[in-house]
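One chain, chain A, appears in both complexes that follow, with chain B as partner in the first and chain C in the second.
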Partner chain A sequence: MADMTAPMAPVDTIARAYLADVRRKRMYGGILLVLFIAMMASGFRLANERNAGGFWDGLPQIFDFPSEVVSEAWEKAALLPALFVKFSPSLIETVNIAAVSTMIGALLAVLLALVSTRGLARWPALIGLFRRAMDGMRAMPEIVIALVLIYILGGGPVPAMIAIAFHTAGALGKLFSEVAENADLKPVEGLSSVGAGWLQRMWLGVIPQVAPNWISYGLLRFEINIRASAILGFVGSGGIGYDLKLAMQWGQGRYDQVVAIFILLFATIVFFDQISGYLRNRLSKGQSNGHG
Partner chain B sequence: MLLQVQAVTKTFGQKTAVDKVSFEIARPAMIGIIGRSGAGKSTFLRMLNRLTDATGGAVLFEGRDVLGLRGGELRAWQSQCAMIFQQFNLVPRMDVTSNVLHGTLNRRSTLSTLFNIYPEADILKAVEILDRLGIAEQAPKRAEALSGGQQQRVAIARALMQDPKIILADEPIASLDPMNAQIVMDALRRIHEEDGRMVIANLHTLDTARRYCDRVIGMRGGRIVFDGSPDQLTTGAARDIYGADASFSEAATSTSIEALDETYAREMLA
Partner chain C sequence: MAMANLEMAPVQRDMLAIFRRKRLTAISVPVVIFAYLTYIFIAFDVAGLASRARMDNVGVLLSDFWSYKTHVTRDNRSGDVSVAIEGENKGTYPAGKLPDWVSQSEGQTLIDLGQGHRVVFQGLRADYTLPDYGVIGLALAGGKVQLTTPDGAVPDWINASDTRVTVKTAQGRLSFTRSRTEVFRYQAGWELFFFTLDSPFHGKSITSLAAMALWGDRVDPLRSNLGYMVSEFWTNKMWRHGDVVWALFETVLMAFLGTMGAAIVALPLAFLAARNFTSFGVVRQAMRRVFDFVRGVDGLIWTIILSRAFGPGPMTGALAILVTDTGSFGKMFSEALENVDERQIEGVGSTGANSLQRARFGVFPQIIPILLSQVLYYLESNTRSATVIGAIVGGGIGLLLTQAIITQKDWEEVSYYIVLIILMVMAMDSLSGWLRSKLIGKRG
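== the complex of A and B ==
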């Protein structure tokens, strides 16, 4: 016990040193707060001057478009169920693009995560390389990849799927790797001690620990990808995004379709969010045990 | 009557964890609750602090039922009834003094907590309490950098910072080695004797209960099966509490260094 044998510093010296420390931290905190507020204020003024219109002039009109859309849809509310049926096939196409790209992206992400996590990596020297590769995958906007691929492969769901999967691999790989970094290494050590190979150690020692978090990140990514796949419809990859583009383009008299599409997308996100919660609960309940 | 516990019950689904526990404490004392794992000791202490809601019964402290408190009154009660945990339950990444200052949270506004601002008088008092427990020089360190025994003393310091009327200790020494266990139990006893605070400690070793407590309560299967002075706690009574047969040896549950003598070691190895 070091603290019992070490010479005791007088209490007031300790207290004074601690108080000085606290005052210094408070001062730094105060300076940072002032800087933050100053930067936000000046940044806002700069951005406002560069805007075509003014922020304060435009503010009251911010709800003009949504209210127009909603009021028009309200008048034609009776048509909504028919529109839901009409748009269902393209919704399914959009969800399909998202599901396939999430699955392919997540599989790639698992591999990338395991080879880029300190303490787990198969080739520790290459951790940096794999991390930079993931950075690159994340840096590329999906829409740019999709546009290039549509130019080469022609319009349709395949370019969108590849574009989203590419981005997903980078994004999920980083999150998966961060989860795996916090995994307990004791089971891995235990498996090493019986002579298990790298894949065996990962499969039995790491995956069961991180699975609940990975699945919830994967499902969150799936939600994001549904939205991404809808946006890619705007540039010609089909799905509900294409319908949304048409409905909004035609302007007059089509806002009920816009609302129907948004309701469908919202319902889809809620549905998958519920499933995600259910799956996560079931996975983590298997691990918990009662306490005494 | 200081504390009256009346038929306090807790059920989890079909299972009754605490079954109509009743006892009274007339004046501040050091009380040990013993019993094997699952006897309901932890659940009972957690109900006193209101971390867990009771299913039935009443706990009167100075004549007021604390089981029915809500909102601000509930939090005020919790600040008067400090809790010490087996796993210390400190904020690992904050420094020791900040952890001790958390004892004043019930009196602090949320805004000053967000900016981590505490009055200087409180900071000085926190360091003073740390000094009383012999760990003042750890004041600026992160809580996670300390050994188990030191962390438990930080937790006791946090409890003292609350200036509580009761200190509840849930297996305070179960994760500590014998040396640190003794330091922590000595600290709890001293707090009781010097400050006159009531201490209720869940313990899982008989000799600790005998050595430090004025009164011992034995629980088994959620019920009180023993309530008396340490002298009345015979080996027979202990067997009742733990539901053990004649092979039960007190040395086997002991954490004191003397009890683990060679005879016992040889017996275990045979």
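== the complex of A and C ==
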């Protein structure tokens, strides 16, 4: 009966209900907006108070340092090519840290993803445990592991590498597992019906399906890890970040080195972003062709 | 049959070629990876790592994570004996209120290390009694430290020279030099975590604290016991809980201001970079190059440049995140704008809406969910970045962490900060997930 009466309700009742609904939505939206603006404004004021230099005082000076650095580098422009050569070993080290940690992290992530995906897991009872482990690995900022490892292992690239790999394993593991959840289980069933073991089912039934997506995520992570490896060098040791820190500490007189490192870092990041973007495009295109 | 074989031959040949190629890639990829890893093994000097690694530091780290040490020190010049947790001024026991395992009488100090291990300081002598071994005697004579052991031999857990003798046992450590005699006792836990020694609440059990808070007489007549306790905890000089909470808050503030600020700046710029909203190719290309440039320069360089202009502090960190993410958001937002459904905008336009109204009712409802989920994802990831950036600009928990690590002694504080950082990131993760499901509904 209720179903019968509903369409017969007078039009103005519906209109009133609709308008009331819209008003309520607008009010909620408005309250959220006011709340957001209040949070931004008070946050800005608070951050401004706790900063050594104020925002409005600093704003006119924002180009002072860049212009000082560039003008000094301009005078010594002839030295720049030699500096590029000088810093290229540490640049290569930074890229190597990113590459190795992405590789090791991705390998760990594959294992973690496979044991924490429903329908694929080797030990279904432990899925929750492995997921929490990945959450913990993801939550651990690289700087924490890197600084503790520097205390134990001394300087050099290895602490940064382990730190980034650890975080990468957690971050990629989650993404990999989301991809694997959508994998078609028919090949896996087919393989198990002919007596394949767990490793064989994964290697032959799951990995070929998910590999393009996984590689694509891995490349994206590589872009992120190059930046992370540069910044860890600055805070800890190893790679071009460390050279940058030394040059910055020296200050005036070494700004040509600062500029050289800035240029190298910028060029490297853009270069690898482009390559990885191109490869990821090809992977996603190849995949859609395969499905279409 | 012969005909069929002839027709099959090219197909078979192709198939075999494909198999060969696949097998080759299947072998060459691992070989290349292995070769690269070998090169890294040599380039990073992983073999030499074993010799450089300081495993004794691991021991220090692990034991500090779950235990603390108390120093009993006798100044051999003045003869004063002091008992201090971690040897710090802030943790020094006031005279007459020593822990129950240290007792003093007539110039003699008796230290009970547990399990029958005892150390007695008397004048310029120290005697360490071990239950199954005997008495190790240390004395200062003629400016030299003299060691006597029960059997005359020096076991490997005693490190002896003319100027310094160190005895290490499972129960503690005794070191003796010309200027001072010192005993370390290790105990489990993070001492003084709640109240420092000078606080009236130190050393009380939870039940007696609860009783004091609920119906006990006021310790300080001016305020309630509970308020006093909270303030004593908040201003704890050893652990500085108040400062730590502020630092955590500063880190979250940096991430919040930076992420939201970047989204606010990037949204209008993204319209300029989207093909279907900006017909001027020059503007579009210029905007995109700006996004690429800002992203390429990267947070590290922005942080350095900005900290020169704004000085150390959370504002600088927030601005560094803001600038870097403006590039990323601009790129992602403009891609989202290029993928909007034109029909909806046309529909709104057909009712006579102007361009602002078309954007409000035709475009925003389509892109808001995508933008929000990206912004919230970045909010969580920027909490982690803010920890690192804080270490560079000198703000937030990143600064406290690096300071505690650089001093290389307060590892229990380091572990405290690490636990808090992980909890903070996990909390931000759940918060952003919760907000996402509240604001745009569960999808996928």
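In the analysis below, the second predicted complex is superposed on the first by the 204 of 292 C-alpha atoms of A that agree within 3 Å, B and C clash if a C-alpha of one lies under 4 Å from a C-alpha of the other, contacts with A are read in each partner's own complex, and residues count from 1 in each chain.
Note that in this section contacts are C-beta pairs under 8 Å (C-beta built on N, C-alpha and C of every residue); 3 or more make two chains touch, one makes a residue touch a chain.
From a predicted model like this one, the values you see are computed outputs, not experimental measurements.
In the superposed pair of complexes, A:Ala15 makes contact with chain B only, with no contact to chain C. In the superposition on chain A, no contact is made by A:Ile127 with either chain B or chain C.
Judged by the touch definition given at the top, the superposed model places A:Ala196 against neither chain B nor chain C. Of the two partner chains, chain C is the only one that A:Asp64 touches; chain B does not reach it.
In the superposition on chain A, the chain among chain B and chain C reaching more residues of chain A is C. Contact with chain C, but none with chain B, is seen for A:Ile231 once the two complexes are overlaid on the shared chain. Look at A:Leu111: by the touch rule set out above, it reaches neither chain B nor chain C. By the touch criterion defined above, A:Met161 reaches chain C but does not reach chain B. In the superposition on the C-alpha atoms of chain A, no part of chain A is touched by chain B in one complex and by chain C in the other.
Of all residues in chain A, only 1, 3-4, 6, 8-9, 11, 14-15, 17-19, 21-22, 25-26, 29, 291-292 touch chain B in the complex they form.
By the touch criterion given at the top, residues 36, 39-40, 43-44, 46-48, 50-55, 58-59, 61-62, 64-66, 93, 96, 99-100, 103, 135-136, 138-144, 147-148, 151-154, 156-158, 161, 227, 230-232, 234-235, 241, 244, 248, 262, 265-266, 269-270, 273 of chain A touch chain C in their complex. Residues of chain B touching chain A in their complex: 37-38, 42, 97, 115-117, 120, 123-124, 127-128, 131, 134-140, 147, 149-150, 179.
By the touch rule above, chain C contacts chain A in their complex via residues 33, 36-37, 40, 43-46, 49, 52-55, 57-58, 61, 250, 253-254, 256-257, 260-261, 292, 295-301, 304-306, 308-316, 318-319, 384, 387-388, 391-392, 394-395, 398, 401-402, 405, 408, 414, 418, 421-422, 425-426, 429.
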